[in-house]
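So, here's a batch of structures to check.
Common to both upcoming complexes is chain A, partnered first by chain B, then by chain C.
Right after this comes the complex of A and B.
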């Protein structure tokens, strides 16, 4: 396998783990627009231990997950008192505060960043992404998963049925934060360098879009969303130069002015987002869609669940 | 005297924040919609103003335009862009399927538009900051030992005037009554004869006007525009809105000024790198301790359109 494809596979695996980290709170109806903040915590935790104390990769990854999960748990209590728009703003503000603190921290390299001595090849993120995927599928199949879906669909009724709303939300948020941290740790070891500019608001927006466009009703959603939007730009790479030239000439811009390659990918992601929200706001993969592909003997149950 | 000068600087800096914060708070207050395209509309107005003034209309329709005309056209572009956002965030929204993340649909669409507009501008005009060919930005006078820059005074006056006009529009006119009815309860407003589909676009036109004006004022008073100019202003305006209280217009005015003051004071005492922590920390604190802000209503975030 060439370096190009192994690089893409590594990014894909990291994005899948990251998307699952955002999926868990979203699956309980909590929009988390602070993904980059949690990823940054994980990345810097792993980078710092690897750089300063030369910890082995396995330990730094576990540490990244535990530290980020702990921080997620700690901020979940105050932050999950917020709802709707306020929660979106609160998580967004959290990510900005994290970025600002890291930027001003001399131990963490400030604006320059930290080098990470230990490099991991694509196999590690891929295996971990598979494990995380299995874990989330398992989680969604347990009673806890059922409760999460119930809270997502109707908080009031879940509350009446004796579900501890706060417990479910905090647990989902904290576990999700831990997964974001793991994604961050893998990011640090894959790119062997962390700088805070890489964890900006756009990263939070993108990963939330992966999850919402993939669909939040089942665990298939983030997997499909992250895979689709990570691989799409690679597929487009061939088409982009021609498209770019034609649009630049449309606006009367000079021919020598080259936009960054990422721009078109974001325009397309934006268009897909807008169209999805108009035509299929539930996301690509919905519960009904999944049930349709399941063995026939469960169809009665599926119909009951879908209509509920 | 140093403190007084800092206060004056904050007031000048705050005028742009105030205008954008009012745009945010208006959409949240009336539609319960956190419109992430607002910073992008602001950027669009600035960048298009520069493009019209420096390069002329697209498709080679004209040569470079004089800057006041260019800015006026740029504001029109912002309004049109805002109406496009309206079409796809509210007009054609299909179903309410009634779960907890449903309120986020327009928000997510607006994130999509943010990506579209910002990257189209980058593709068309590059990522570099551009010098706006407006009047001299450094034009300044000294009043009683205080150093005041004239273009920024104009910005502040225009910003306050437009907020005043907006308040009068909301209080006195029929459209304003309709908007306030929708803010209160969209279903009841519909039953009582408010044509929601006619009146919602008004919010977006106002958003376009506010952001367009803010972008134009920014271009004049700072003399420089860039595709990323919206990011910073947008975050400060959101902070201002939250501090003032979601949905409160005069709260947003005061909040925008408080954020500007926090910013100048932080730069003065701790250096430029800590501004982000100070502003967002302030926002997070206000959200956690007093989510309704200084003047906000408790009802925001409950009613849905």
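Right after this comes the complex of A and C.
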């Protein structure tokens, strides 16, 4: 496999894990716009231990996950008191605080960043992404997954049924933060360099878009969303010049054209985003869509009669 | 007494929604709470279920003080509230909604109990795997009650369950409540449909501005409908005769 494709696979795998980290709180109705902050914590935790103490990758990744999950757990208590747009702003502010702290920390390299001696090839993130995907699918099929959806649907009634709202939200937020941390650790070892500029607000926005546009109702959503939005810009890298050529030839002006500016890819990406919001407001993959592809089970009445 | 609230008060900011109320429900009893809009009935239920903290008073459920407990403590103690407006989990299937009713249960009898619910409500059985949002209003109310039943309550509280239902469904609802009571479940019913509620109930309370202004055996209140209607306000005339379906 060429370096280009293995690089894309690694980024895709990291983005899938990252998206699941944001999906878990979103599935309980909590929008998390602080993704970059959690990813930065994981990336720097892994980078620091690898750089300073030469820890093996397995240990730095576990540490990245545990530290970020722990911070997510601690932050969840105050931050989940906020609701709606205030929660979005609160998580966003958390990411900014993390960036500010790292930027001003000499131990973490400040604005220069940290080199990461241990490199991992694309297989590691790909295998971990597969494991995380299985884990989230399993989680959503358990009683806890059902309760997460209940909290998302109606907090008041969930409470009336005896659900501990605080417990469910904090758990989803903290486990999600841990996954963001794992994505960060993998980022550090894949790019072998961390600098805080890489964990900016745009990263937080993009990963939330993966989840919201992919669909928040099922565990398919983040997978599809992350894959679509990671691969689309790459596909456009090839398709855009072709598109330009065909448009130009329509007007009979083929030949001596400059290659399209790279930023055009993001214009198209933006248009696709808007179109998806218009035509698939619940996300690309909805529960109804998943149901349609499931093998038909016995009709409800037959099942009830059989059990009666 | 199964449920006993003493000197219960609920205050929102400067508004006193419930003002020092004593209310009780005995084992296997049907008690109804009547009152005009804004009389504090919903606040009373919310406080009893632990969704709002009472500012004063105490709530004892089956001999245990649950005043400062969560609503989980109430559900575990055998008391479930069916909230106003058929609040079901719209993105879940009918079956998943019922499973949520068993959230606090850890025993193995959940599936058997859900099968019994399906037997009671064949419409729900037919729509077992459908999204709950596609159910009709009446079916949603049945689902909300079914979900409460899966928690195996000794006392069900219902907040205006007949609101917005067709007369046919209202009749089914009241006969369902009677059946549930016959199975030994106590009921605390908040209703706008005064005469039907009093027909069903053993005792009644009439609320006005957060206070109990009238209480007694349901028959007594039924015989004094003019007085009850006066407290319910809104210029509502008391029905002069009992609807034909009541008591049948």
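By our rule, the second predicted complex is superposed on the first by the 272 of 308 C-alpha atoms of A that agree within 3 Å, B and C clash if a C-alpha of one lies under 4 Å from a C-alpha of the other, contacts with A are read in each partner's own complex, and residues count from 1 in each chain.
What we mean here is this: a contact is a pair of C-beta atoms (placed from the backbone, for glycine too) under 8 Å apart; a residue touches a chain by one contact, two chains touch by 3 or more.
Just so it is clear, the structure is predicted and the values come from calculations on it, not from any experiment.
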(message) Just checking: does A:287 make contact with chain B only, chain C only, both, or neither of them? Give me first, second, both or neither.
(response) second
(request) Would you sort A:152 into first (chain B), second (chain C), both or neither based on which partner it touches? (result) both
(message) For the overlaid complexes, name the partner, chain B or chain C, with more touching residues on chain A.
(response) B
(request) Report for A:162: first if it touches chain B alone, second if chain C alone, otherwise both or neither. (result) second
(message) With the touch criterion stated at the top, can you tell me which chain A residues are shared between the chain B interface and the chain C interface?
(response) 152-154
(request) Spell out the part of chain B that touches chain A in their complex, as residue ranges. (result) 28, 32, 34, 51, 55-56, 58-60, 88-89, 92-95, 97-109, 111-116, 118-120, 122-127, 231, 235, 238-239, 242, 246, 273-274, 276-277, 280-281, 283-284, 287-288, 291, 300-301
(request) Going by the contact rule at the top, pick out the chain A residues touching chain B in the complex. (result) 26, 28-31, 78-79, 81-86, 88-90, 92-94, 96-97, 99-101, 103-104, 110-111, 151-155, 201, 205, 208-209, 212, 216, 244, 247-248, 250-253, 257-260, 262-264, 266-267, 269-274, 277-279, 281-282
(request) Please give the residue numbers of chain C that touch chain A in the complex, ascending. (result) 49, 51, 70-72, 74-76, 80-81, 83, 87-92, 94, 96, 99-101, 103-104, 111, 115, 118-119, 122, 125-131, 147, 151
(request) In the complex, go through chain A and note every residue touching chain C. (result) 143, 146-147, 149-150, 152-154, 156-164, 217, 287-288, 297, 299-301, 303-304, 307-308
